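Shared between the two complexes below is chain A, which pairs with chain B and chain C, respectively.
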Partner chain A sequence: MSKFIGSRLASALLTLVLASIVVFASIHLLPGDPVVMLLGEQAGSDPEAVARMTRELGLDRPLISQFLTWAGGLFQGDLGRSLRNGEPVLDELLRRIPRSLELIGGGLLVAVALGLPLGVLAARDRGKLPGMAASVIAVAGFSAPVFVSGILLVLIFSLWLNLLPSSGFVAFSEDPLLHLSCLVLPSLAIGINFMGVVARMTRASLIDSMAKDYVRLARAKGLSRGKAMTRHALPNALVPVISIIGIRAGNLLGGTVIVEALFDWPGLSSLLVSASFARDYPLMQGSLLAIFAIFILISLLIDLAQGLVDPRVGTNGG
Partner chain B sequence: MTISRRTFSQATLGAAAFSLMHGSAGSAFAQTPKKGGTLRYGTVTEITNLDPHVYGGNAWRVLIEALYSPLVGYDAKGAVVPRLAERWEQPDSKTILFHLRAGTTFHDGAPVTAEDVKFSLDRIIDEKTAATLRTNLLGATVTVVDARTVKVEKPQPDATLLSVLALPEAAIVSRKWIEGGANVKASANGTGPFVLKQYEPSVRAVMEKNPTYFAAEPYLNGVEVRMIKSDDARVNALRSGSLDMIDFVPWKDIDMLGRLPNFKVDSSGGAFMNIWFNATRKPFDDPKVRQAIAYAVDREAISKAAFFGHGSPIYGPPTPSDSPFYNKELDGRFKRDPAKAKALLAQAGHDKGLEIELIVFQGLGIYTTTAQVIQANLKEIGITVNIRLVEWANLMERKNAANYDAMLYGVSMKLPDPDAYAYYFGADSTYWAKPIGYRDEALEKLLAEGRATTEMEKRKAIYAKVEERLLETSPWVFVNYREQAQAYRRNVKGYRHLSGALNESSTGISLPTMSID
Partner chain C sequence: MSGAVKDEAALLSVRGLVTEFATPAGPVRAVDDVSFDIRRGEVVCLVGESGSGKSVTGLSLMRLIEPPGKVQGQVSFQGRDLFALSEAEMNRVRGAQIAMIFQEPMTALNPARRVGDQIAEVLRIHTGLPRKAAAERAVALLERVGIRNPAARARAYPHQLSGGMRQRVMIAIACALKPALIIADEPTTALDVTVQAQVLDLLFEMQAELGSALLFVTHDLGVVAEIADRVVVLYHGKVVEQGDVAQIFSAPEHSYTKALLAAAPDVDAPRVAGRRFATLAAPAQDDKAQTGARVAAAVAAPAPQAASAATIPGAPLLEISDLRRDFVTRRSWTGRPLETVHAVGGVSLTVPAGKTLAIIGESGSGKSTLGRCIARLDQPTSGRITYAGRDIGDLAGDDLLRFRREVQTIFQDPYASLNPRRRIGDAIGDGPAIHGLMPAEARHALAGELLERVGLKAEHAVRYPHQFSGGQRQRIAIARALALSPHFIIADEAVSALDVSVRAQVLNLLADLQDERGLTYLFISHDMGTVRQFADRVAIMQGGRLVEEGETERIFEEPREDYTKNLLRAVPRMTPYSPRRRRPLAPAA
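Coming up: the complex of A and B.
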């Protein structure tokens, strides 16, 4: 098991290093000049002012040497300073990362807590009304794009029922209850789509397992259908579900771009968007790197979880 | 534009009248505003830089006007009134002497000194700051006369000096605080009615009232500014009660919110939309081609399609009819006339048609829809328009490198003075003319004359000529005003929505006297 974890960690680290190189190079390929954006409409069109600030910020140096400085700082935990306000990028990231994780966690919770029972219900009562209803909900869930389900949620829960705030963010330390109530709608918006996927996958996998010989044997031994399902079919059926969650969990991160904007949730994605429009290179690099790191972390955790559920995964090195 | 531009002496008179009114304000209002409460304000602007000398958008101004004070400021009528200076004199048309109020302090407790004033104005002039008002103050010398008197002097007569120094971007900062290494881009230490308590760039700013504010104490306990870029999220947050007030109401929602009983929408023309030409490059180096386009554009259709009816057309120069500089004879010059447009194109030698590229910002519907209407209008007179949608950073790069034929560009009034034309069209201004190398000698002469003249009637005559020249040469086609609307709950009192150049300052000017019932 430890060998398995070790190799997973090593490959995660390598991915991160490669990602940082790609991030750095691609950002500098974008048209648009951070200095012009920084100086604004008036001073930004004055070539002398632009040249001076470019020099001051070290943006006139060869790309390779800029990269080495940045990478060198990275190893010491220094991600540079934001061009637009001179604050350390790391501080900004540390403020934002927990919020994004919270959103993804909320989304996963919604997806699993609603998706699994729906899937089980759909498989157990296949062909009957509850099962069909569960299937319809699942299909509706994954068919609706995030921006549609998000707007519907705001309309229903905040404008009509006035139960939850339509958007916004308050620090947990400031007002825990308001913080959590602000988290509900974006988590639902981000999770509902994924819930559909989990439900469909659970249903298919469970139906498949129920037809397997070992389940038939268990039934032949006299186990009830429900017992055979929970004791024998479900654990096996969950293996592909977990791996699907792993593969698709990264998509949740993508979904946060829209959800954070829609619900005014100040996480990593909205930071990346705003830094990109301003061409704030250090902030863009930092937030992209953080997003990569989260992505890699999620796959790592899923790999490990899979190893726990299915011991076969770990023993031969995955 | 409600701004009545005054000469210096008139401004001083206005100021005297203002302070008289102020003294009797208590008895003038039947109902005294309620004290306390926090105004929750939602804005489209992402504030990322708190430097009070570098303009950073609409809500940036709200924050800066609440946190800092200039020497003088504007009241809701556009008159120049005292702030950190209690009075001022103008010995000649190049010089202003400011007499500082006694006993004012910065938020950190340090007293405001004449040295701070000199340091602040010099900081604006210093090119390292990249201050917004740098070009306006270029060449000015600032002298400390005594502990409470500062002299500002320009090399040539400058009628705009006082109006420039009354802008929030001319804020006075603490020398000790800045030289002590404070990050002025991420924190604040001003003299304004509110003190910054919490700030997260592009997310939120929380302010509390300043107990030692030099003027009347604000009614509100505090203001929370939330930056919400998404239009729908901003409107929904107001409707569901998590905000008290929002700026930049999306044009599609102005009528909808106005019909709801709990909300009030104030709207007026602020910024205006234009077609910019690369007027030194073929085919747009010919004024006839530019005029042809000015005649061909259907401004009414643009107002309807892109602004849901909230974008009144500009048929003449961009001076609103309530401005003292408004010229009735010039208004209506470019009423739509496709036949005339075609004739002008033929005269310019393009009777076989033209193909041009129009650079358009991709991020806002008002830009893309306007461009589509223009495309259809110009098709009628034989010009094929290829619309190229670009991101803002790309647009800025093209503007500065003069890499465009024509470009759709929204402009907000920078100054409640017609000298704003120099900022747009002056050959030395890097805003538009300098990158493309545009220089119109006749216009240059008129603009210089206007700046050096202080008498109102003479200035009116000069700026009428400036506007006539601008229509004749049409370096830009003025399209329409885009109404800027603010919406708020009915229990929010004391907000005054201003039009024209002061539009962006409406909230900043109103905040100290706003209240929540």
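Coming up: the complex of A and C.
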């Protein structure tokens, strides 16, 4: 097992290194010039100022040398400074990463905590009313795009029921309760679509497992249908569900772009968007890299979870 | 119905059992008015071919038929009406008083749980034994069923055990609570013959030790003769005959039982050249000349090549010299091989034209890999294979195309080798189409002819593979191989999955074709009884090596190697109460 974890960690690190190269290259391939953006109207009238500023920021050097400088900084934990306000990128990222993780974690929690029971119910009571109701909820969940479900959630929970704030962010240290209540709606918005996917997958996989011989053996041992399901069918049914969660969890990161805008949540995505508009290279690189890192972290955790659930993963087999 | 008189001493008494499944085409009766009794400590074999309802009967008794299946009738067990019990009461019967063993030990054990826990579970469900005590009992049970190093094995997952060991674990689970009745559903069918003998011995030993009755569901009459006290013969869901094992074998009354016994391959019967296998529908023999002429016409349609070496009888058609095939199972990160398995480790063989060479071996003996190398579906690591005088490794272009036409393979699993989305008529016509042998219309006609030849109907050509049974699909696969009028057929366990009656039909067909067209067969099998009747020469393989090779009768009458002797001894014999019975077999090397 430790060898399995080691090899997964190594491949995660390698992915991160490759990601940093891609991040750097793609950002510099984008059209647009940060200096022009920074100088605004002055840039059109004063080419001298543009040249001077380009030199000051080191943007006139060859890309390779710029990359090496950046990568060298990376190793020392220095991600450079924002071109706009001169603040260290790392400080900004460290402020934002936990918020984004919170959002993704909340979304995952919604997806798994609601999706799994829904799927189990849909499989157990297939053809009966509760099962069909669960299936309908699941389909409705993954049919609604984030911006639709998000707006509906705001309408219902904050405008009509007046239970939760419609948007905004308060630091946990300032007011923990308000912080969490601000988190509820964005998490639901981001997770509800995924919940539908998890429910459908769980249902299909569980129905499949229930027909397996080992579930029949469990019944022949004297377990009730319900216990045979929870003890024998469900753990095996979860293996493919977990890998789907792993593959799709990355999509939650994409969803955060809309959700952060919709709920005014100051996370990584909104930082990336504003940095991109300003062509603030260091900030863009930093936030993209952070997003990559989160993505890789999620897959790593899912791999490890799979190793825990399925003994055939991570051993040499027969 | 004979033997259906109410027996007060019966442990289990089944009366008028009916199991129906709702299908779109209306209800299908899988079990139709079945009645029988089992006395304490008795071994009753439920015998039948696929679709006879024998497995469904076992599940019905346990009330494990899921809706939309419906079970009716009366089952009394130790004086209690099982069908009147509540679900909770039934759960206390299952596992504790009636235990079950399933056919496929790979799929019947939960892949995600340690085998020790799976044994301990049944103890904990019924006795409330604390976790630690149950775990200790599980280890003791593993030791009892003959698993070495049981404490370590208890911590293993099912995929880390061999098929035989997994079935031993299943027996441990079944015997854990000393049930009064064990229902075993084809428990040894998936196992190699020597492992089968060991598992049967163990099952028998446990049954005798616990005094349990055993309801043994099987299609293998050899196994029946070895273990049964009484036999219940099922056909299309109905009991056609039941009685004492000696009576069933010596004086069967029903014509189906007689036909079944006649069709079962007997490893002790000497080979009679040209003898046809008995089938359930004996008339097939009468119009042999007629069907033979028809298929000869159909198969001859694409005009075989004149005087290829393949048609000179007796000359070596295929020569294999020092063939090796290694598989690298583990590599270092630079790609350097760390572990290598020698699937075939230096085999030399000759197959004469117009004859049948059988390759016998247990799983992992390399027989299928050898077959794949000969068909050039796999690349040998070293060694030479010549077909009709030419090294098949050198074939290219038209020569290779011709080789592909002349050499056909029939695989073991017809479901996996037929494309589920293609009509079988098209599948059969694919070969001639690929080789550009005939126009579409002629292909349709050929498909129809071949389907009739393998015992199906010409109008079946428009159906899809899932609409056929396993045996029918295997016959389709054979029709597809014949469509190219091959000279050499590699049959890789091609009849192993077939019921005896269908197997006989297919073997007769292959024999006819050999007579008519001088076909050469490489017959890969683990079924010794069939091989003795069908093959001219036999090669025994073990662990990738050739143990011995020779004339069929010589191998069966005077085997030289210990491995061959042990293998032959392990085959269940067709004689009830044979001296072998209940005598444990020496463990295989």
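Just so it is clear, the second predicted complex is superposed on the first by the 312 of 318 C-alpha atoms of A that agree within 3 Å, B and C clash if a C-alpha of one lies under 4 Å from a C-alpha of the other, contacts with A are read in each partner's own complex, and residues count from 1 in each chain.
In this text, a contact is a pair of C-beta atoms (placed from the backbone, for glycine too) under 8 Å apart; a residue touches a chain by one contact, two chains touch by 3 or more.
Remember, predicted model here, so these are calculated numbers, not experimental data.
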Chain C versus chain B on the shared chain A, clash or fit after superposition: fit
Touched partner set for A:Ala220, first chain B, second chain C, both or neither: second
Chain B versus chain C as contact partner of A:Gly80, first or second or both or neither: neither
Touching partner for A:Asn236 - first (chain B), second (chain C), both, neither: second
Contacts of A:Leu262 with chain B and chain C, given as first, second, both or neither: first
In the superposition, chain B vs chain C on chain A residues touched: B
Touching partner for A:Phe169 - first (chain B), second (chain C), both, neither: first
Which superposed partner A:Gly44 touches (first chain B, second chain C, both, neither): first
Partner chain in contact with A:Lys212 - chain B first, chain C second, else both or neither: second
Chain B and chain C, minimum CA distance [Å, superposed model]: 47
Common interface positions of chain A, toward chain B and toward chain C: none
Touching residues on chain A, where the partner in the complex is chain C: 212-214, 216-224, 231-232, 235-236, 239, 309-312, 315, 317-318
Sites on chain C touched by chain A in the complex: 59, 62, 64, 87-88, 91-96, 99-100, 102, 104, 107-113, 121-122, 125-126, 157, 159-160, 170, 173
Residues of chain A that touch chain B when the two form their complex: 30-33, 36-50, 52-53, 82, 84-87, 92, 95, 151, 154, 158-159, 162, 165-169, 261-264, 266, 270-271, 274, 277-279
Of all residues in chain B, those that touch chain A in their complex: 46, 48-50, 54-56, 127-128, 130-132, 134-135, 183, 185-186, 200-204, 226, 228-230, 232-233, 236-237, 239-242, 391-394, 396-397, 399-400, 429-431, 434-435
